[in-house]
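In what follows, a structure is listed as structure tokens, so that the remarks can point back to it.
By letter and in written order, the chains are A, B, C, D, E and F; residue numbering begins at 1 in each of them.
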Amino acid sequence: MRVVTFGEIMLRLTPPGYLRFFQNDTLETAFGGGEANVAVSLAGFGVDAAFVTKLPDNDIGTAAIAELRKYGVDVSFIARGGERMGIYFLEKGASQRPSKVIYDRKYSSVSEAVVSDFNFDAIFNGAEFFHFTGITPALSDAAAELTLIAVKKAKGKGLTVSCDLNYRKSLWTTKKANEIMRTLMPFVDILIANEEDAEKIFGIGAESSESDRGRISREGYTGVAKKLITEFGFKKVGITLRESISASDNIWSAMICNGGECYFSRKYPIHIVDRIGGGDAFASGLIYGILAGMSDSDMVEFAAAASCLKHSIEGDFNRVSVAEVNNLLSCGGSGRVQR
Amino acid sequence: MRVVTFGEIMLRLTPPGYLRFFQNDTLETAFGGGEANVAVSLAGFGVDAAFVTKLPDNDIGTAAIAELRKYGVDVSFIARGGERMGIYFLEKGASQRPSKVIYDRKYSSVSEAVVSDFNFDAIFNGAEFFHFTGITPALSDAAAELTLIAVKKAKGKGLTVSCDLNYRKSLWTTKKANEIMRTLMPFVDILIANEEDAEKIFGIGAESSESDRGRISREGYTGVAKKLITEFGFKKVGITLRESISASDNIWSAMICNGGECYFSRKYPIHIVDRIGGGDAFASGLIYGILAGMSDSDMVEFAAAASCLKHSIEGDFNRVSVAEVNNLLSCGGSGRVQR
Amino acid sequence: MRVVTFGEIMLRLTPPGYLRFFQNDTLETAFGGGEANVAVSLAGFGVDAAFVTKLPDNDIGTAAIAELRKYGVDVSFIARGGERMGIYFLEKGASQRPSKVIYDRKYSSVSEAVVSDFNFDAIFNGAEFFHFTGITPALSDAAAELTLIAVKKAKGKGLTVSCDLNYRKSLWTTKKANEIMRTLMPFVDILIANEEDAEKIFGIGAESSESDRGRISREGYTGVAKKLITEFGFKKVGITLRESISASDNIWSAMICNGGECYFSRKYPIHIVDRIGGGDAFASGLIYGILAGMSDSDMVEFAAAASCLKHSIEGDFNRVSVAEVNNLLSCGGSGRVQR
Amino acid sequence: MRVVTFGEIMLRLTPPGYLRFFQNDTLETAFGGGEANVAVSLAGFGVDAAFVTKLPDNDIGTAAIAELRKYGVDVSFIARGGERMGIYFLEKGASQRPSKVIYDRKYSSVSEAVVSDFNFDAIFNGAEFFHFTGITPALSDAAAELTLIAVKKAKGKGLTVSCDLNYRKSLWTTKKANEIMRTLMPFVDILIANEEDAEKIFGIGAESSESDRGRISREGYTGVAKKLITEFGFKKVGITLRESISASDNIWSAMICNGGECYFSRKYPIHIVDRIGGGDAFASGLIYGILAGMSDSDMVEFAAAASCLKHSIEGDFNRVSVAEVNNLLSCGGSGRVQR
Amino acid sequence: MRVVTFGEIMLRLTPPGYLRFFQNDTLETAFGGGEANVAVSLAGFGVDAAFVTKLPDNDIGTAAIAELRKYGVDVSFIARGGERMGIYFLEKGASQRPSKVIYDRKYSSVSEAVVSDFNFDAIFNGAEFFHFTGITPALSDAAAELTLIAVKKAKGKGLTVSCDLNYRKSLWTTKKANEIMRTLMPFVDILIANEEDAEKIFGIGAESSESDRGRISREGYTGVAKKLITEFGFKKVGITLRESISASDNIWSAMICNGGECYFSRKYPIHIVDRIGGGDAFASGLIYGILAGMSDSDMVEFAAAASCLKHSIEGDFNRVSVAEVNNLLSCGGSGRVQR
Amino acid sequence: MRVVTFGEIMLRLTPPGYLRFFQNDTLETAFGGGEANVAVSLAGFGVDAAFVTKLPDNDIGTAAIAELRKYGVDVSFIARGGERMGIYFLEKGASQRPSKVIYDRKYSSVSEAVVSDFNFDAIFNGAEFFHFTGITPALSDAAAELTLIAVKKAKGKGLTVSCDLNYRKSLWTTKKANEIMRTLMPFVDILIANEEDAEKIFGIGAESSESDRGRISREGYTGVAKKLITEFGFKKVGITLRESISASDNIWSAMICNGGECYFSRKYPIHIVDRIGGGDAFASGLIYGILAGMSDSDMVEFAAAASCLKHSIEGDFNRVSVAEVNNLLSCGGSGRVQR
């Protein structure tokens, strides 16, 4: 079971605890980015996962690679060079104060990567699954082109392809996102989205969605998924359903549709430690479920539980094992000490 | 728009996280005090705010001034000299364990300041607003005298005067508070209080108040405000309404009465990061609302939202912008990440 | 009022905040263990408390002793020698992710202690109360033998003996626990347990208990207590009743039965800072209540309030005073700042 | 006495202590850059110092401005906008392991600033002194053009102009540096350099310099200074003389030549806390000496002592007072505790 | 072997590492004061040491007591009450930048203590040795009176009395020090001083002392000691000889004279971790030497080695054992790892 | 170029900075052990390095493996199981206070490993070099047996075998060390030792060694090396020469003898950050030198420079690149900032 992901990994810098930006003189470091997060999570599930990107040839790029390797990700196809590594600054919200992200990712090595940086034929050898997110093609025109090359090659070599829409308004307009993403969708088997992405990118929204008030319409999202399947022919659509009560408390669940049927996971009332990477943890759970041959209803529960746990873990990466996900599914999250 | 505040700023020393006093070997430092907090908050709203006090001529006093300057407060009228800077030790509560404050503020430079330390004529030049709290006259007889001089001068020069009652039982008795505060009230236009101050200082309480059980009687507090207006002739009375569920969770709202009408803000269920300075943040919001010409109903919402956000921020100071307060008012505090 | 406790104290190593094991490069140190926790808590209540154990003759053992002495515990009967001090690694859970404990306590000095290490005749001189937990006899056959010697000697010298069942599946099987604990029960006056211990050790459970789903059956636990009293002749049985909603939130209460009557404390919805030592804090409250001559209904309230507060305090030790417990009982835990 | 400096301020990120880059998960933050360091140091000496730059309109830029304001620097002419703030990563060396700097400063707001961002006529009003370093024109062609505009305007308004050569090989070649710097020198009165800059930029070196082996030739540097004065007509040339024994220990001194005479300061054997900003501290001392009307021999001692102290202070900024510099000059650095 | 010490213990607040005051937002806490330091050091040597003072009845006073108890000091005679605990802020120097102390100790409980706070008859029961420093009588007139009462009582009960001169210019003038200290000297057996105290208090200095330049005249200090013995009739005079090279490096040695002979210890070139408490560590070593019946030449070596080690230990307290001091004496401080 | 090392890796726990054990409440974590350190260092030089050990199947063992993988070490032959991971507590010395190590490594998984845990035939496939230290056979009789099996197999498959004597008195007596090590020496090609090991294990010492006084006799160590070569037939003997001035300062150099000739490296006066692992860094440099085909004189310089740099790096691992070692060799350690 080998999965390849392709995208950007950034240096993440966060003030300690709930301090505002530069309220004291330290920043906590981590590395993260949608596709890297998925690779780390899958490696933690025991999957042979490779992450492909381009990183500058300095100690920061080297540290990012070391961190990925620490979690067992295959880093042998990471290209080195270019000007800089993308950075994002994260200020954690609490109660009514939202979390805040400042991106400083422009001119990153991967956003300026070229075709010759990657040998996708070699990269996909022996792989079953290719995953990317809507962030990668949004990085630059060059990155969009590379993504198209990758996805075509993956498809041509018989891999299953998953895409997490992940719309980022700081990277492109909805108009450009629509245009580029539509060129990639024909090669995608599994579509993953949160409750807002499909509307922003493809204009396919829940008709009477109440998501802006933090409530999810079950019917609305079934409709969204079915429209996506009808329009693009995906095998499955997975949607994460986040009800934001405050920056500290969310209710989390997910849905998977396979054309015919839609399955909703149980709902988790979450006390948030770190919500960044929650969607990536869901994607990882879903990919793992497919590789492990789970039924759709088991899969949505596994992926929702895995991503529920992510919210209790600092950093972008979901450092949980399959056993821990299953423990949540079987014991119900009551939080008894495990001695 | 220039606002002057006058009072004491202290060095605040807090164990990290939820540790008890001296449970480990570090204390986190901050500076704070009612009037200083208001000045910093107003400066953050873009107001020209000056803070007046007296600080010892050593590195601790200098650090306090640097911190105020950092946030854009005019510190040019701060007198230097005297014996020491007041200190308060804060242990943060959690769940059923209340927060604890140990004051070591006696003999502070400002409590022993004399008339010649301040040229209030120059201080109030060009200012529209003067704010003080009931802590300043409580510091010492000299401070009470200085407060009276300041408030008379402010009134004489046509400034609007606001006072936050802020009763502190460690500084004076209710009897002395009543006596001194009554001499100051004639010069006050805007009175600010929490749900207990008016009763303790003036004996004007909500008749069937349930505040001791953490529930606020809407009618009771309307009555308190109206009695205060009737007795002292205030233009407005603002009251913060804190329902304490535990040291971790409060419900927060506020009320403004203008004689004829009373307006209640929406209620915020708050998960507390740091509640010190919540009342000062409310006062700042109210002063800003007046300076910005808001209606009373808008003002109470603005001030309540501003002070709601304070509870999510470490330290005494409310480090939020007008845009962030407005964002809470328009988006409802659901805590979505701002990218 | 002198109380003696006997058992193991371990070095506790915990990643900061909610980090997973070794997610960063620091561990926070503390010392703790059931009987040591009870001694520290009682010393904090003003009781003359002695803790008896064996610790290696190195800087780690010396540090443990210094820490106990810091809190006023009599450490003069602690034997020195043996190979090592037990260690436990604690990863704090959050939300749906449970806390995790890794024990590295095998071969500890106290588990290999011998009869000649302790002069129980001298140890019990002037004492009124002896407390141990089910962990001590579980450490090793030698420790079980020592416990039997201690409990017989205590009984012989007229002390009241209390035992907290504290079943630890990593130390022994339910079968062995049953066998050994039955030899000790004849010497026990006061039995303390959580909602699961009695079932695991003695097979005496609440018939239709719903504790696995985090709900406590009031009737069920009354039945358990009565059966325990009938079978073993205890003077009192105290049971802590933890309803686990998640790793972050619990509902906490307790019950005391004296044969004839059972008394339930009020329930506390707890936002957890650190739940380790909650049961020990309850035992301490109960022992204090007995020493102070409280009625059973007052005692269960005192012990439940004391152990409620423990959940808000980092580390194994319950660093609270009698005044703080009484403050919770009289003020209801609304968490107002104490200035 | 008003001094204006113009250049780039960066976010500085440093691992704690002597850790290598990303050896643990924290970075300590500071802000620094040649001209900003000089402004802060001068403000600490009581001089009215303004720093001019362009910073992005986000929380990082705002934090940099707040930090400057904290130290009393006039920030009212800082332009806002552009893409990003420059960053530099600093790994502190120790013993035989050198300190390491990774620059991530490309595309910074100030490097892409345009003429309309700054009204130098207003900026220089009331000022006596303008200071810049060779880093500013090295940032970009636009920055070089802006520097020329600034320096001409300063000269035209009668300011004294100082320039610290500060050659940075990561920003430009020696060839380009020579070309651009030669266009600026005609407007410079006071030239400051370290023991290598003049050789790298202008090819004017100490003939048999042993600086590469950490030894300074007194005669060699006198010659360099005199050649610079002859060629460019500077009023004064100040040169810092660093003898690097290791990353932990340096011997520090300085020289000032005024055409006719050269003055060497005493030598300081320094145990390094943080050497970044040492040269800027020297420049600040020299500018202060000129403003204070010191003789050249006093000035070189003052500037050398000020910059000696910088090496004992964390961060780029030299947080010392005139009194502290004078104390070193009069007491000789024996380090007795000042109570 | 029981030793009683009497004086003030303060809360010590220090920025981390070599940061300047308030350069970041944390202060490290410790407790310390001349006589407390001696008691802790002696307890670490296995001596039964009691420390007598008065501390406020709040959590800060309680924490100070707990810390003393942790190290085995008898705290049973510490009076509680009064207004506050003294505080001192310490900024650690490095290289040419000296350490800096800001005292905030006025109005401390012990400085306002009264005769009825202490039952010196009970306090000295069973004791052999009484130690105080010149700081105690300097605190206030009341404290001077108490010191005289204590020293008379100690002498009357046959204790050996030692006094460390410890002149503090922030507490009194040399004139007042001379006057008060002369009333105490008749009761003192062992006088301890550093290289400057005797000159400042009694005007007895080394005639051509070069101590101001960091060099010690062996002959000069022999003369000082002999004059002190002649004038006051001390049994022994111990003098610490600190040659300050910089705030980072000192050369440390000591001398003991007994009237007839003077003995100098070996010299230690010290790389300083924390020099506060060095003199107290010397006093402790000297007292231990007397109690242990060492010869004067052994005693000065033991006391010098003990206080040498203090410089490598953070905080005021000298946390070393007799074995560690002896190890330095026998192995010579080469610093091989002890496995 | 593939190198295999076999031994124990421990969890290392160190108080921050120069604090004594448990002086505050944190321990810094790292992983280390002679053979693991060599593997990490070699991987950092670009060598394909595998580390073989047995670790418990818990999160601590997993973290150790992740850390090794982070640095690129092949961990695929690490056996899992057994009771526990060895721990060592390290207190860093300073000035005259030596560093202190407390081992808690008994019963570790690798010390109780059995033959079936390792398939040395597979392990050595494709490898050129096998390295172990005298610690491995000292762990237990089982470990000694495993070492003999490994070394025979390595030799049989044509690998070069290196052994670092590394005598540990806490693990075995000199008598037992002599007996066991003599059985292993016939299979060793390259012997590595510090200035004391050979004397303690084989009784082969420098005749008039002054190493106890921190001075190394050049002739003495040449003699030791030659005797070792004569007696055991090693191809090369490498000896590190540490002159301990204090716990803060050492002079470091090394020697390599090949039978005919002995080569001494230059001497480095080192200001110590962390000296643990210095010998392992030397061994790594020597192995790298052999693999890279360096001459003996180049090799000793490379290995001495690599291990010199280790002393400036926190933790057991030598995180330096070949380029950094070469930079020290060519630039001489003057510590100029590398920008």
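The rule is short, and it goes like this: contacts are C-beta pairs under 8 Å (C-beta built on N, C-alpha and C of every residue); 3 or more make two chains touch, one makes a residue touch a chain.
On a predicted model such as this, the values are computed, not experimentally measured, just so you know.
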Between C-D and A-B, the pair with more C-beta contacts: A-B
Chain located farthest away, centre of subunit C as origin (C-alpha): D
Distance from subunit F to subunit B - Cα centre to Cα centre, in angstrom: 62
Distance from subunit D to subunit A - Cα centre to Cα centre, in angstrom: 45
Residues within subunit B bordering two or more other chains: 17, 20, 25, 66-67, 100
Pairwise touch network: line, ring, star, complete, or other: complete
Subunit F contact footprint on subunit D (complex, rising order): 17-20, 23, 93-101, 103, 168-170, 213-214, 244-250, 275-276
Subunit D - residues contacting subunit C, complex: 23-25
Residues of subunit A that touch subunit D when the two form their complex: 13, 20-22, 25-30, 58-60, 63, 66-67, 83-85, 87, 89, 91, 100, 102, 104, 106-107
Complex contacts: residues of subunit A adjacent to subunit C: 17, 268-273, 305, 308-309, 311-315, 319-320, 324, 327-328, 331-339
In the complex with subunit B, residue positions of subunit D that touch it: 66-67, 69-72
